[in-house]
Structures are given as structure tokens and as C-alpha cells.
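Labels A, B, C and D are assigned to the chains in the order they are written; within every chain, residues are numbered from 1.
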Amino acid sequence: MNALPRELLVVEGARQIRDGDLVIVGTGLPLLAATLAQRTHAPDAKLVIESGVIFPKVMPTPVSVVDPRLMHGASRHGTLFEALGGMVQRGLVRTGFLGGAQVDEFGNINSTWVAGKRLPGSGGANDIASHCGQVVVLTDHERRRFPARCDYVTSPGFLGGPGERAKAGLGPLKVKVVTTLCVMEAEDSALTVTALMPGASAQDVLDNTGFIPKFRDSLDTVVLPDPEEIRLLREEIDPACVYFPERKTR
Amino acid sequence: MNALPRELLVVEGARQIRDGDLVIVGTGLPLLAATLAQRTHAPDAKLVIESGVIFPKVMPTPVSVVDPRLMHGASRHGTLFEALGGMVQRGLVRTGFLGGAQVDEFGNINSTWVAGKRLPGSGGANDIASHCGQVVVLTDHERRRFPARCDYVTSPGFLGGPGERAKAGLGPLKVKVVTTLCVMEAEDSALTVTALMPGASAQDVLDNTGFIPKFRDSLDTVVLPDPEEIRLLREEIDPACVYFPERKTR
Amino acid sequence: MHKLLTAAEAVSRFVRPGAVLGMGGQNINRCPMALVHEVIRQGPGELTVVGCNLSLPLDMLVAAGLVARTEQGTGNLERYGTLFAWRRAVERGEVSVGDHSHLAMATRFAAGALGLPYLPTRSLLGTDLLADLVRDGVAREGADPFENRPVVLLRAMRPDVALIHANRADLNGNVVIEGVTSHEVDMVRAAHATIVSAEEVLPAGAFADRPEQVTIPEAYVSAVVEQPYGAFPTSVYRAYDFAEGEIKEYQARGREGDERVRGWLAANLGASFEEYLKTRDASGDLRRELAEQMRRLV
Amino acid sequence: MHKLLTAAEAVSRFVRPGAVLGMGGQNINRCPMALVHEVIRQGPGELTVVGCNLSLPLDMLVAAGLVARTEQGTGNLERYGTLFAWRRAVERGEVSVGDHSHLAMATRFAAGALGLPYLPTRSLLGTDLLADLVRDGVAREGADPFENRPVVLLRAMRPDVALIHANRADLNGNVVIEGVTSHEVDMVRAAHATIVSAEEVLPAGAFADRPEQVTIPEAYVSAVVEQPYGAFPTSVYRAYDFAEGEIKEYQARGREGDERVRGWLAANLGASFEEYLKTRDASGDLRRELAEQMRRLV
């Protein structure tokens, strides 16, 4: 049972969650990752959803942060101010998953404007990047997604470089970007490639990145999913292939 | 059916409420006044209670702002922050009733310290005096209650004199003090006697006041309650004489 | 005081040209579609639309040519794509945009709800979002006076009129919402006026035996409109799921261009929301199916 | 994660000498008496007790010699008089006091609940309350940066541990409170730890079919203690009325002096709250009567 590239993203995303963590996710692959973590190594990880859903028991497969499938069996249905103010800004949520059209060398994220093209905007992303201890990005690895500097900084990574985040008044952060080619990490620094996806090379990464990333001396290879992870993902977490249209057509 | 002096206080207090007003009250005579107003000329007046009770249908006879008799039939049971922040500071509540150990010449109120003696403290009083358009005080008329200046200003009237309230950043206010001897009013000014209680003289007021109040040129006499007001008060609003022990022993 | 009006009466009384319109709902949930349709029918222009996640209602209002500015956290339909009419109008410079984080918008509504001129947040620091909001006069950089750490001060947001859709309301305007309430409670408390449409309007005092469960008390509500399925094609928790096919169809028109959206509005809105529902779902089968779907989810 | 502990376990784990103790309840309603009795039994001293209206719990803790400071809106029992032990200790200078308005205290808790270093208010302006809070380093005078009008900036209050009593909790710590909640929700959200005692503890997930009705989600709760009549002699809305005779008797001891209060505590507290309830109401008739009285009021 071979994992699809994007399935591997989800599984590697799930591995960023520790048991007992509070995690804020939207929908899409991050939600699949968080749900997978809960069903495997992190049964006590809890989800917070920006719309005000605290600790839901997710039913397959939500397409929105207000999808009834994401409100099911929650600890509380509250408000956005409670979730993003009372939990995220309050410092209770360790890990946040973010998307974005661009992620730059210093882990800043753009979801507002790219080259005069209007994007949806921040939503809770800026809040998550401002207050969580760890931000995880799951993304296809395409050159246009990894410019040296974002056209517009919606969500703060390390801004202009080391020290700038603290200077702006923001707390410490770890950034982990999991792509279809590699894993990149940063902590008050530029993104550094720390692992490659199975079958991907450092040259693949260089060819598809808009800046020249550092590579850690000893590169790991991302561990392939075990069959149970794939089964959970395909049969229980996204059985209708809502986020895996490529699975449908195989 | 002669009204007791303190019954007259309640009836005159009720007259300060216009139909449709939002009114914030605690317990005691002000609550009786507000309930009486609702049962007579102001059926659409609504009560807000600082503990978080919005628009209750009061049952006889609450002794506390969290008494179940004061939570009955409400529009909402919420929080103190909602009542004092979301309604009073928000500017939705026109009239507030306050008590206090001292009321001074400029309508400031002390409920914190008198001559080294510790009192209960502000509670919502400072908030009410800061944000309502009208403050009504119902009180026995005793010299010690009316000093020239409060020992401690808990709740702002006009502070040191005309203009000081606006200078401090507070909005305009009308103060009306209804006592067992008279009615005193102020609006960015010192308290001025505008009416006398039936049977009371200007000299009575002067003898029992710690400052020399101005008197309006044409003094009114407070109108006696009609029998229905007294009946409502005695039979329906405080039938057990909770706030009128003097009625029990007559 | 009974506050029951028709949507036409309520919108005509409270939504003026040039108004700041606080938009309830989020994404595919509980958008006040019946009220928004009525705004489009009556056509007050030059609106500023504010909310957290703005979705279908904003896109329709933009396509109808009624919007001058938006202040929001996001404009999109997540899985179902961006708001195409809004995006085009913004890219052409016809609609100006004030971009916030969701917490920043919620903070601005909370300031308005509490009668405060501003509230601080620790979001936005260091970003282009902050620079733009400072330029717009909506944000200031400041420092916590106790520890001297940077904070952002956000100006209160007080909509002229807020539109929301709820599960239930009583005639006095007490409102019960099920599921999450996003930014709506503080937005309503901050607004100068609020119109609530509800699946069901009950007698005055219907919730007085459980006042804790009242989401928004009558003190903040100006008008109540009864409209079953009033959020269709978006969902109402415990009442009905969202109608994916309807949303996809609207988005298909959105992709094709503003003219196609306007054509869709002209062909579907009709004279009332009931007429619209009949146009889209003559038999009522779709609505019954959405209600059934929701029952399986709660 | 199940959080059920005995009161003795919970207090010993979370209430340390010198702690800032956030006190739930208000006046004659829902005071966490069982938990406060346990604090008195274990005796961690030099406490700072904070809340809005502090009543019986504070007075007992002061009489027991455990309190160094209070920060509050009021200390009294309204109709039943002031807090006599507290008043005497304050007048003797043994307990220091930070006086706030109720909105000011609620604002400080809200700042803590939102992870903010401070929040503004427009209360307190011009008064001696403000002067004293500025002197204590808790308040600063400032100006709204947009309109340059005066505001007061209040430092966040984050109790080390909050104590509240609730109608119901589940084993995970989800809490349902009926009636008003005063300052309690934000106080709990601001606190580093919270102990909840409840009339009834239900299986984990007991409220998961109605998450809107959960007053405080488990994320903020450290320990759950089951204690029927755990607020006695204060009331719990829809469960039982307050016991006027008990409150009057305590206040009579209070008037007589600290020694008399300590005598009352020694004679009544016993080894557990159950023992106390048996001492005060051996037959259970009083409790049944209070429950019956409440049924007539709701």
C-alpha cells in the first residue's frame, strides 16, 4: 500500500502533534493530520477551531471551520473571541497549522496579496502565528510558493531575520514546513532543510525553492506511513476523498 | 392610608423612571422603586442587575443582586462584564440608583471609607455613576450623610465642581438625591434643593445638611403617593416588610 | 415590545445607503441570506460590509454593485473557492479593503460592545497587516504601560446595522443560536441596530425559563423577521446542513464573471425569500434532505 | 482525562501558601463553601483573595488568619451586613485592600482571560479609587489614542488558583452553571489553575450533545470535586435557595468578634463538608426546604 505524496504530508503533519497538545487547525490536510494524530499516537491531543469550537469529535469530513461535522461532540460551542483570544492569544494552544500562498525564507506567510492578485486574507492565521509556540505548514513544494521574501506578510514568522520577532513584541516560535519534497525547520532563523521526502533529492528542493535554503549536515528521510495510518486516512478520516481527489481516480 | 416617610422615598424614586428606560438597581428601596414604576407609569421600563441579570420579572422580595427572586423570568442570565460593561459602560442604561454612606455638595458618593471606618466598597456604584445619564440616591436625611466633601470619592458626581467631570473624561450626568426631607438636584453644579417632602421645611434641610445647599426659587412639594401605589408597595412588592420593618410594628 | 417585521420592512427601516453593515454568519454556516437578498432587492448602495469571514452575502452584495468597502478577516468559501465578484472588484480598485486577522476584527467588535474607544491585541505585530491598518487610522502601535511590551491598539467597530440569522427568537427579540457564534454576539452588542431573522419566532418570554440559554438578549435587537430556511444554502446547526450543490452553482457563476452572477441574482431572487426557495427547490425535497442530513450529524 | 479529586486532594495540590486565590460566587449565591472550608482545614496562609463581591468565604478565611490582602469590588453580605472579620482586619491594618469597581475587577479578569497585559476602562476616572489603584501599580491613567479622551488602563489579574461551585460538571471538567455567573467565567479563564466543586459530577462528555450550554470548557479546569449542597448556606440557582438563618447566625458571630467566629469554625467545620452539613442540618430537613423554596422561585 503505497502512500500518495499528499498522504505523506498528512502523516508527517500528524507527527508534529504530541499527545496532550492543544492544536488549532482549519480544514483540509491539517485537519486530517490532527485527526490522524488523535487516532494514533496522540489520543489526548485536543482541537481548537477558530470559529469557536472547543475540543470537537470530528466526523468525516468537514470542508469548513463551521461545518457541522466539525462541531460534533464538542466540549463547547463558543465564539471566535474565545477561541483566538481566550485560548490562542492566552497561550494555551501549542501548535497551529497554517496554509498560505507564499512562505518565505524566514517563515513568514502571505495569504493576502500576491502580485496584485487578491487572496482570501488572514482569517485566524496571523493570530496563530503570533501566539502559538509552533507553526506547521503542509504544502506542495512549488517554486512560486517559496519566495525569498513574501510579497505581503500576513502571518509573522521571523520577519526580516533573527531577533526581529522578539523586537516586534512576539514570543518565540518554531516553524516546520512539510512539503511534497522535504521538511524545513526554523527557530529565529532562516528555514533549514532537515529531512527529505522518500525519493526526493536536495537538488529537487533547490530547483523548486525561490531562495537557497540551508541544509542540515545530517539529513533525515521522512518515514513512510505504516499501513494502519493509511487505512485510517482512507477509510475513516476522509472516506469520500474530499481532500484526495487523486485517490478517487486511481 | 398615610405613607411612611421611607415609602414616600420609594414613590418619589419611582417617579424618576420614565417608561421605556433601562434602569440599573441593586436591592433595597431602589429595587422597590423600580418595581413600583414598572407596575404603574412605566410598564416598559427594564431592569439591569450588575450580577448579570438582564430584564428580570422580580418576585418579592430580593435581598441581594444574586437572589433567585431577582433572576426570575429574565431576558438573560449573563455576567457582570455584560451588565456593567456591555450595557452600562456601553451607554444603554439611562438611570442608576445608588446608595452610599456620604453624598457631598457636588454629588460625589462615598461607600469605601468614613473616618477610618471600613465600608463595603464600590461594587458597581462607580461604574453606574461614571456611565449612566442620571443617578438617583434614596436616603435618610442625616447631617453625617451630607458632608461638604466626601472623605473618599468612590463614585463620581461633579468631583471638585463645575467642569471637573468633563475634564476627567466622564460624560454628562444628572444627580437627584431624594431624602426624607427634600429632593436635591445637580447637573454639573452643587446640589440644589428643588422640592421639600410634605411637612418638611427649608430650615429642617439646613439643620440636617453638612453644607449649605442652594434652594431653587420656587420650591415644589413632593406629591403624596396615591393609595394604589401604597397598596402595591405593601401588598405586592414587599409584602413581608423586608425593607419596611417599621411597618411590621405599627 | 414586539419587534416582528417582514424582511422588507426591517431592511427599509434600518439599512440606509452608505451604512456600515455588520454581517453575521461565517462561511457556509448561518449566513443571513434572506436579509441579504432583501438588501439587494432594495438596493441601498455605498455599503461598508464588515465581519470576520465574509462569504456568500458579501459576494452577492458586491456583484449587485452595493459595496464600497469591506473590513474583514477573510473573504472566501474555503473548499468552494474565493469570493470571485469581491476579488475582481478589489483587484479593479472598486472596493477598498481593510484586512484584519480574525482576532483583530473580534477585538474591534468587543471594544464597541463594551463602550470602549479601543481595545489592545498582541496579534498583528510586525506584519504588513498592521502597517496597512495604521495607515487606515484603525490601528496604532503602543506599549503595555506596565511591562512596556509592544501591543496593538484597535479602534472600536460599531456597525450601523448588523444582520444575523438564528435558530429561534421570541417576539421581544431574545435570540437563541445553536452551534458556534463566531463574531456575532459582540458585533450585535456593538451595533447601533440589529435585524435578526430566525427559523422560528416564538411568543414573548418563550425562553424566560432558561435565560442562560439566550445567546443575545432583546436589549440589542431592533427587529425580528421569521424566515424558515432563512440561511439557505448555508447551514443552521441542528436544523439543516448546507446545500453544497447550490453553493457550487453560485461559485460557478462567480468564476464566469459579474454579469453571470447578476443574471443568477435576477433569475433567482424573486420578490421574496419564499419565492427564491420555491425557484431553487420547488418540491421542498432538497430542504428536507438537508434537515435529514443534519440530524445524522448532531 | 478524568479530573475527579476529593476537596482535600484538590486543595492540597493547587492551593499554596501565598497564593492569589480567585474566589467564585457572589454574596449569597453559589459561593464555593466546601472548597473554602477545606482551605481553612489545610491552612495555607498569606493568601491574596480576589473577586468581585467577596462574602462569606472571605470573612471565614480572614477570621482563620489566612489572608494578607484582598482585591475586590465589595466585601459585604448586603442585607445581612458587612464582613465583620474582614472589616476589623482591614481597619487594624492586618489585611491590605485593593478597592476596585466591579467593572474594573471584571476588566482585569478579562485581560487575564484574553492573554493581554492590560485592558482599558472608562470607569474609575476622577475618583479616589483610581488614585489608590495607580499608587498600587494596578492602574494607569492614559488616553484613547484615536480621540485622545481619558481612559484607565488596568493590569491583568491572573489568580494562581480559582475556586468555584457549579450546578454540574463532567469528569473532564466541563462545567454547567445556571443563573448568573458574575465574574467567574473570565476569572477561571484567567487563572493558572481552577478547582470546581459541583452539585453533581456526570460521566465524561455528558454535555457533548449541547456544547452551547457548557459555561466553562474543560480546557480551563484542573480538578473537579463532587459535593452536593457544596455552596450551603448560599444558593445554587434551580437547586436550592440560600439559608437565611445560617447566614444570620454566622453574621451574629461576626459582630461579636473574631474569637467567636473562630469558635464557630472550630465547632462546625469538622473533618469534611459532609460532617459540617450533618452538624448544621442533621435531619436534612433544612436542605430539603431550601430545595423546595427554590422550586417555587424559578
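Going forward, a residue touches a chain if its C-beta (ideal position, glycine included) is under 8 Å from a C-beta of that chain, and two chains touch if they have at least 3 such contacts.
Treat the numbers as computed from the prediction; the structure is a model and nothing was measured.
A.B. asks: State the smallest step count from chain A to chain B, taking one step as a move to a touching chain.
C.D. replies: Tracing touching chains, the least step count from chain A to chain B comes to 2.
A.B. asks: Count the C-beta pairs in contact for B-C and for A-C, then report the pair with the higher count.
C.D. replies: The comparison resolves to A-C.
A.B. asks: Need the CA-centroid distance for the pair chain A / chain D, whole Å please.
C.D. replies: 41
A.B. asks: Centre to centre, by mean C-alpha position, how many angstrom separate chain C and chain D?
C.D. replies: 38
A.B. asks: Distance from the CA centroid of chain A to that of chain C, rounded to the nearest Å?
C.D. replies: One centre to the other, that is 28 Å.
A.B. asks: For chain A, give me the residues that contact two or more of the other chains.
C.D. replies: Residues 53, 71, 77-78, 81, 85, 89, 131 of chain A each touch two or more of the other chains.
A.B. asks: Can you list the chain C residues in contact with two or more other chains?
C.D. replies: Answer for chain C, listing residues that touch two or more other chains: 115-116, 121-122, 149, 151, 178-179, 209, 212, 298.
A.B. asks: Chain contact topology under the given definition, line, ring, star, complete or other?
C.D. replies: other
A.B. asks: Between which chains is there touch?
C.D. replies: Contacting pairs: A-C, A-D, B-C, B-D, C-D.
A.B. asks: Flag every residue of chain C that touches chain B in the complex, lowest number first.
C.D. replies: 1, 113-116, 172, 174, 189, 205, 208-209, 211-212, 214, 217-219
A.B. asks: Which of the residues in chain D end up touching chain C in this complex?
C.D. replies: Against chain C, the touching part of chain D is residues 115-122, 137, 140, 142, 144-147, 149, 151, 153, 155, 177-179, 209, 212-213, 215, 298.
A.B. asks: For the complex, which residues does chain B have touching chain D?
C.D. replies: 26-28, 49-53, 59, 63-69, 71-72, 77-81, 84-85, 88-89, 112, 116-127, 130-131, 152-156, 159, 164-165, 168-170, 242
A.B. asks: Show me the residue ranges of chain A that touch chain D in the complex, using the header's touch definition.
C.D. replies: Going by the criterion above, the answer is residues 22, 44, 46, 53-55, 57, 71, 73-78, 81, 85-87, 89-92, 131.
A.B. asks: Applying the document's contact rule, which stretches of chain D touch chain B when the two form their complex?
C.D. replies: 26-30, 52-53, 72-80, 82, 87, 90-91, 97, 99-104, 106-107, 109-110, 121-129, 149-151, 178-186, 235, 237, 241-242, 294, 297-298
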